[in-house]
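Heads up: the structure comes next, in structure tokens.
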């Protein structure tokens, strides 16, 4: 599939340094292990409220993208972009607390999974009607463009979402107004049980880019370095005022649509083939080969990650659920705004600012 | 003071807010170079520039979504729907994104979505709807429907200054038919407060939008028969002024609920329940509704006339209620 | 593809002129204050409607929008239907319930539009889906303007038709303007046809003022669709020669645009072609035009004499 972007001829971003490489591995592992903890332990113990949606096998997208951001940039991650939340500054305990529907979690029990955000961290969450965040990203992009600081906005969505009207309207608007929006499409080949072949007829979604008048590029979604590079180039284009880009990141959804879905409709052969491309193993092999990390260091990192998760889960579990009466609070933003008051049952110091009081720190 | 039409008053209100607050900006179709289909934004592109008056593609969903995104970044966008009928094309963004965002994770969404609604201009099914109840039924939104030029200006300013998403219904029939002396200084009409347009003693008529004028016409007619109508203009539908509604009902003991919107699921049903719950003891007759029937708005004049409530229908209802 | 006979060429000429005359008559009625609501002219765009609709088979279905009167005439609607509808008369196709070209008849293969642009595409995709499921040799043709192609429903309908390989044709009628919005503010690509690769479908671009080019492209696309090849988008480049509607003087359109396109008037171009190819004599031309004159005269008179609907018509049941 020929890449259609003219940007290939542009200057490539700086390759990540050793520190960044180690951070990449750290976040990849933290994401993988956290999601496993959610799916295979907490969910099975009946501790999660609602469904569990993981991004197993696709972790490189969130990591590669979020690490390419700089202060003042904004991101709209979707439900399979766990890593983005951590990289942007949500504590692991807060993220688990949100899954556990706690009263002082970022969403204060009002919404589930990764439907949580914080303007101070530059994170705007999705709603369940997917695709709706793309137009919102355009609005953010419009303001960033006018402020002229070179900041950009990244918006994440799946290949299934691209069938929705909002995606079309947003891409068209971004292209017409030359907004600094990076459209990051995780083509994990299945939207619930719908394979990509039943979702669209175009051979590669990257071709949609030029169909709107923006560069479109297909990237190996399991290669965190390729992603970091591709997003980095798209971000540089946007910072330079050259407008939006569309990235199709090819992966395979290695788990079901959610924890209750055994995904028997995914051919076993496909799973085996993509298991070989696992982003974490690939990065580990790269780091070992380039002697950026030793085997020992990687094992220690793995241990550290588990300790971190243990601590975060314990902390999150110790938090209380919200009080029932709170359900009717905070519908409107008025002078005595409910969200500006501290969460009703705070235990410990780890609750993060929840975007209360609109501070436009992104200037 | 200046004598302004209802549409000119809205225009002046938006203009003043644009001057007052640089974070206010406009998005919509044909609002820039063309000045808007009803010329509400005439001259604004020239005065405020392309950055603040944005002509968009035909993309109601993207326009509303972009407004939400810009609001999260500290702006106060005002979105024009060329006709409020087209708001359906941006429905998901309004009810699922804008309305629920503050409740779910905290930030305010200070957007205004405004446009011409209502019938009586032979616009047919897609240029005449009164679809306010789709939004009155959505917690998290505010819904406003002014009937006078003074209120139109004061309420658009209030809407723009409100930190919540406000859906602003301008009745197109009133655009150039209603004129009033408007003060030149800054003033705001509060959202959530009704206004008593005419004091009376026998029957309270609770209404909003173009029907306020219909009620006043009926009141003048009935005065000749010695029947005294009190006319309450709701002005806001969400939140609405329970207190003023109940006070009028208690004063008159009889009530007619009037709106141009269709019957089932209309505001009158909500008010009837409220009155039955809280003023049952004060009623001397049944709660009557005068509304359009449950059909799309028809195009041809005789059909539309039959469809729309009018002064005569209010008069007949009042006489029926008076005989109780 | 077989070439058109002399009789067929005359038919095309007839419909082009009928389209224009209906349009002119509606403008006249509007100026006389006899029309209810607005008049949305298709002046200068007749070749798009006529060329495409003429290329279809009787069993095909089309979904016109407001400027595609020519397509509706080819499907068997008469000028009086347009006059009755615009004047909101009882005997119009919707009995006065809806306005302008918002009417249709499944039996005639015409699906009425609504004012929300782009929405015709998913609907026509559904018509094509039914044809596929019933194994019928039927093509669905949707007319989409440059503005409508920005909408979500356009996208969802296109994508669905593409992935299902439905026999859906899109006449992408690019007339340069969506009300006051030029295409440069509507999309960042140069052509509506540039959107087609994003759906994995075929496309074509033709001179929308050349009725035979529009005809040929539609015919070829229909053949492709009938063979199971999936949707085709045919962009027809034309120009909206008036404002958005009669009340709009289009002062935002640069004068030279009108001048440039005036020279390419589709009726005049076709006439020149017929004369050059000796396919129409002056007598034949006069005869066709006389037929049209008479039809317009009769139909205007009929429509003007028709009653408005009785008020109770509004309350007819809403459900089937």
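All chains are identified by letter, namely A, B and C, in their written order; residue positions are counted from 1 within each chain.
As a convention for this text, contacts are C-beta pairs under 8 Å (C-beta built on N, C-alpha and C of every residue); 3 or more make two chains touch, one makes a residue touch a chain.
Model, not experiment: these values are computed from the prediction.
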Inset, instruction - State which chain is most central when centres are taken as means of Cα atoms. - result: B
Legend entry - Comparison of B-C and A-C (more C-beta pairs in contact): B-C
Inset, instruction - Indicate the whole-number Å distance between the mean C-alpha point of chain A and the mean C-alpha point of chain B. - result: 40
Inset, instruction - Starting from the mean Cα coordinates of chain A and chain C, work out the distance between those two points in Å. - result: 45
Inset, instruction - Just give me the whole-number Å value for how far the CA centre of chain B lies from that of chain C. - result: 36
Legend entry - Of all residues in chain A, the ones touching two or more other chains: 165-166, 169, 172, 176
Legend entry - Residues of chain C touching at least two other chains: 150-153, 185-187
Legend entry - Multi-chain contact residues (two or more partners), chain B: 57, 59, 61-62
Legend entry - Complex contact set, residues of chain A against chain B: 74, 106-107, 110-111, 115-119, 124-125, 127-129, 132-144, 146, 165-166, 169-170, 172-173, 176-177, 330-334, 337, 339, 354-356, 358, 360, 362
Inset, instruction - Flag every residue of chain B that touches chain C in the complex, lowest number first. - result: 29-30, 33-34, 37, 55, 57-62, 83, 85-86, 88-89, 122-127, 293-296, 298-307
Inset, instruction - Over in the complex, which chain C residues touch chain A? Could you list them? - result: 150-156, 159-160, 162-163, 165, 185-189, 194-201, 230
Legend entry - In the complex with chain B, residue positions of chain C that touch it: 36-37, 88-90, 94-100, 102, 114-118, 147-148, 150-153, 178-181, 185-187, 252, 308-315, 318
Inset, instruction - Enumerate the contact residues on chain B facing chain A in the complex. - result: 51, 54, 56-57, 59, 61-75, 77, 92-93, 96-97, 100, 102-110, 139-140, 142, 163-164
